[in-house]
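Structure in structure tokens, see below.
Going in written order, the chains are labelled A, B and C, and every chain counts its residues from 1.
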Amino acid sequence: MSAKPLILNEDRYFSSNPIERKIARHLYELVKDLPLICPHGHVNPRLFAENKPFPDPVELLVIPDHYLFRMLYSQGIPLESLGIPRRDGAEVERDHRKIWQIVADHFYLFRGTPTGMWLKHEMHDVLGVTKRLTSETAMEIYDQIVETLSRPENLPRAMFERFNIEVLSTTDAATDTLEYHKKIRESGWKGRVIPAFRPDNVTDISRPDWKANVEKLAEVSGIDTSTYSGFLQALENRRQYFKEMGATSTDHGVWTPFTVELSRKEVEEIYERALRGKTTQEDARLFTGHMLMEMARMSIEDGLTMQIHPGSFRNHNQLIYERFGPDKGCDIPMATDFVHNLRPLLNKYGNDPRLTVIVFTLDESTYSRELAPLAGHYPALKLGPAWWFHDSREGMLRYRRMVTETAGFYNTVGFNDDTRAFPSIPARHDLARRVDCRYLAELVAEHVLDLDEAEEIIVDLSYNLAKRNYKL
Amino acid sequence: MSAKPLILNEDRYFSSNPIERKIARHLYELVKDLPLICPHGHVNPRLFAENKPFPDPVELLVIPDHYLFRMLYSQGIPLESLGIPRRDGAEVERDHRKIWQIVADHFYLFRGTPTGMWLKHEMHDVLGVTKRLTSETAMEIYDQIVETLSRPENLPRAMFERFNIEVLSTTDAATDTLEYHKKIRESGWKGRVIPAFRPDNVTDISRPDWKANVEKLAEVSGIDTSTYSGFLQALENRRQYFKEMGATSTDHGVWTPFTVELSRKEVEEIYERALRGKTTQEDARLFTGHMLMEMARMSIEDGLTMQIHPGSFRNHNQLIYERFGPDKGCDIPMATDFVHNLRPLLNKYGNDPRLTVIVFTLDESTYSRELAPLAGHYPALKLGPAWWFHDSREGMLRYRRMVTETAGFYNTVGFNDDTRAFPSIPARHDLARRVDCRYLAELVAEHVLDLDEAEEIIVDLSYNLAKRNYKL
Amino acid sequence: MSAKPLILNEDRYFSSNPIERKIARHLYELVKDLPLICPHGHVNPRLFAENKPFPDPVELLVIPDHYLFRMLYSQGIPLESLGIPRRDGAEVERDHRKIWQIVADHFYLFRGTPTGMWLKHEMHDVLGVTKRLTSETAMEIYDQIVETLSRPENLPRAMFERFNIEVLSTTDAATDTLEYHKKIRESGWKGRVIPAFRPDNVTDISRPDWKANVEKLAEVSGIDTSTYSGFLQALENRRQYFKEMGATSTDHGVWTPFTVELSRKEVEEIYERALRGKTTQEDARLFTGHMLMEMARMSIEDGLTMQIHPGSFRNHNQLIYERFGPDKGCDIPMATDFVHNLRPLLNKYGNDPRLTVIVFTLDESTYSRELAPLAGHYPALKLGPAWWFHDSREGMLRYRRMVTETAGFYNTVGFNDDTRAFPSIPARHDLARRVDCRYLAELVAEHVLDLDEAEEIIVDLSYNLAKRNYKL
């Protein structure tokens, strides 16, 4: 029996209602070839600094993608058998053909999931695969991908250009020296890869490595961080450095969006206790909440767009965390309150149109209840796109349905791919553009919008809003 | 270039699926001309008492409508530039042409929003506008609306009749003398404009003006309110007076739906402390919770339908509140618990079919989880329509989808326009009727309902249920 | 005028979009005649032990179905008038014709509800009714159903066979002697009716009857329960007995999914306090949370699939509870947190693929926020189907939309009818299969899935997943 072909239908993700589908196609034509704006993501800049070929599909698609191995793990497949490195250096599977065979044997698990949609797109469009991945075709496809990846047109920089990426932001610790960003600049390559300033490792005093981080911060900034005021200056210094290296935004991954304004005395006392290793959970909560306020203040001063990503219970599975470390698919969303938590920040800075604060959520019940009403009022507040688990066909559609009526289109900021998986970038943007076309097509077909309005909006959602809100 | 026409498509808001659309059209024919029942709203009765012409589109559509200027504010447009009066009397924009130009320049912000849908309907059907509002057409449309408003057929009372309003309820403080309602009655005009009894300003002891309000209550009722029992009698007196003036309902805007039964001694002590200005936040919470119970008791006695509107964080933006006052688009919904909070009230009075308590929510996650199961059990409890931010095309559809299966159609109470913006009333009812037609058309097309059942239901949703549950 | 016919359209619950409908029909053909797997329900085993005819439609459809009389009660119809027995033995309506007439007079209340859909299916397919139930046809239909029920092909065992039930699990207290299950076995009848182990009445120390229950547990197990360790042994003994009687699962109806691991000393002290009648609410919370952990441990040992049904506020209406007892339609869902509550259990046992824990929820906001991410990671965790109020056309569709993208299809466990109402079983499975066909048809029509993938999935959802996850 011959293997089934891998087909990407050109109408995928549009409604099958012919009236809507025709409009969706028309709108999609307007945006499918627009450059990709990637203002928030986790691609390693080293990729472009070194520009080495990707070795094989497992290194490219499996090991770096916790979306993918999380699902296999949920069905009882040990992470060791998928080649995920252990912290203790214990043996894990090194035969990438064996790993790829496991993925192929269980590829049915991804039916109906965004990971499945992205992978099919990547295999077809980026890697030239023409057959469906099954137990039978696994090795043939493995060989074919290895061959494809060895070609010069599939080096990271060549892919970057082929993907039509206008700008790609990485996410980098406040203490990062941005060496790979420097190397990219020095290389003369024209791809625009910029950093984003993420100070979580120095603003969360509950981290075991916090003290080491503030010492590192002192080192990279050349500013003494043994006092709170030195700490603030060091942060300002690093923000300035990141800006010089091209950054236009900061990012804050916090447990909750709690914000609070402490007196100078209070915050200094917490900072000193933290240096002495004597803080409480409540200290940590207050300090992080206070630092979000400080970051907003600095953003007004230096113009960096501020992003807040709250509400993820990181490393929920202690065993996996101990054995494999963070970012292994065990971060679980939590119910999140924005109304009370963000109020101090919004009351102090939210009326200032110089500030742009982009908020993300994993708690969809807040879209219509909290976030759209807040963004539909405060000049500084904008809503980030459907995040993480919700960066999906249904998830993005729910986002538009629950956000648009109260916040409109223009208090949202376009799409973020938010990915570590570089070759999935075109697939992710394409899915987002298609879902937006689908949503707008419905609005046109139901006479909520006129077609010319939808034509403008789709370009804004696919390109202009991200560029404008991230000042790119 | 000639301006684009403003068109209201006759199939708007119906599904574009031809099978469903045909059924929706059929159902809509049955209800589009039914009289409007407006059992809950905020139109100023003075409008009909004085019956003066509306001066211009800004006075009519912009300044009284926080839905509208909230969105402009969210994009950095100062409220002063929109003519919103400041509390301190500072200068604000007085050139209404300039304000109208700003609205027109930013009208794209309302794409996909209910405000946009209502405004287009009002301009087209009520004000005779035939071109789309753009930067170019703004002044021409301004002039045309001014001319239209000057005609006798557009005086408030004439509009009321033309809109086919059978009854319109205003919302009035317990301390209100209802002077405009009296004037309307005395004028001989036959339009039915009735008050609703809203005692929030005397049941919330945390308000700075509370003491002044209970003194006002004593004055208007002629009953001494220096004791709790006098206070209760004064409330009963005012309810009786409102009933005489046509009221059939009460309304309670509360922080949460918390209810509690205090002992007589406990509540008297809180009341005394309140008179002495010595209450705590917990006192206020208990007092409001207790007063909801008292109001339910009085409703059983006097037959007034009781409405509870909880879950809005009023005046979230302190700066705007201080500068412009309440109702300026800064009320933000909060997560709300009905299951525990309403239990004391429902356990004491919820089994009494003489009582009708209509509950509203801004927290959609409670529709299917809490409200539909409660309304599908307790005889006294009914669900108000999709409220505020959810009074929208998608919002109403989600409401029906999440409520109907558990509560049925007959534990809901039809539509409320809940508006301050008088000329938007027909647009709001029309949108609601269209969304209900769309929902029912889907149920018929998918063989959940037979067509004759849907024909009955659409009339109930558009007319009978509101009339019955508000005893109109 | 002749009565309208009762028609079950063969395309019911499919989308009316012709492209999707055609695919849905095709998928439905593959599963409509598959045997029914009923791994969780509340049918009384006595029915099959005694195999007596059902007397009349009220005894069959009304009195045992709190879904049905709850809705009538919500519209002011006293439960006494529907023949619901009172605890105090007071008179209730005994004329079943009168009761049936009330149901018929108010049958319009069930429009758009699952109860309405199931009843129409039962009447048409199981009871041979050909006219719509109305005030006029009530008595004629009553007589016809009585006649139908008197025929041998409508005895409980004959129905069981006709319904094509492969296996039916009841739910039984830990203290139950399973006498009716024994009688069924001894009768030689081949219908597979098995128990499920539900120890709530001995794991919830806050119950007034708790002490009596642990004494009963000692009696049925022959193991002294006056110590905690005896209690554990007695539970293990009963689990073993249930297994011998065919059980493959346990079930835990808990207030919240709180889990905790107490030290042996702590739990023994609570147990002793409980025996002395001296426990606090906090003791009860800790004990139940600890017992869930113990149950997971035992499940790993004996292989019983573990089900957790949290988040229902049982007997919310005190008056109805006192007058009529539990399960009278007054259980109301509450907001539920799985992320923090289940963590101790998942951290201790969730990585063990020998364990299957199936979690249900009444709080839909947790589908995409908590449950799908947890099930998409932990090997032991699976998601039960849309539960109770959400076992409905829209409810199941929302479930698939919010769960599939993150958890996939294969971390869900197929359908449960969860019913006391035996004759509604085919209707419930048919509705679920149709909704799944509809959902999959959309995915095929929108090119998310290929048709051959959907063909496999629909069989898995309708049959294989339940069989596999309940080890049937």
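Everything below uses one rule, namely that contacts are C-beta pairs under 8 Å (C-beta built on N, C-alpha and C of every residue); 3 or more make two chains touch, one makes a residue touch a chain.
Here the structure is a predicted model, which is why all the values come from computation and not from measurement.
Chain A maps onto chain B through a rotation of 120 degrees [Cα fit, steps of 5, range 0 to 180].
Shared residue numbers account for under half of those found at the interface formed by chain B and chain C, and the copies are therefore classed as meeting with different residues. Between the Cα centres of chain B and chain C there is a gap of 40 Å. The set of chain A residues touching two or more other chains comprises 17, 335, 365.
Interface residues of chain A facing chain B in the complex, by the touch rule stated above, are 17, 19-20, 335, 337, 339-340, 343, 346-347, 350-351, 353, 365, 368-370, 372-379, 381, 401-402, 404-411, 442-443, 445-450, 452-453, 456-457. Chain B contributes residues 4, 9, 11-18, 70-71, 73-76, 108-114, 117, 313, 316-320, 329-335, 362-365, 389-390, 392-395, 398 to its touches with chain A in the complex.
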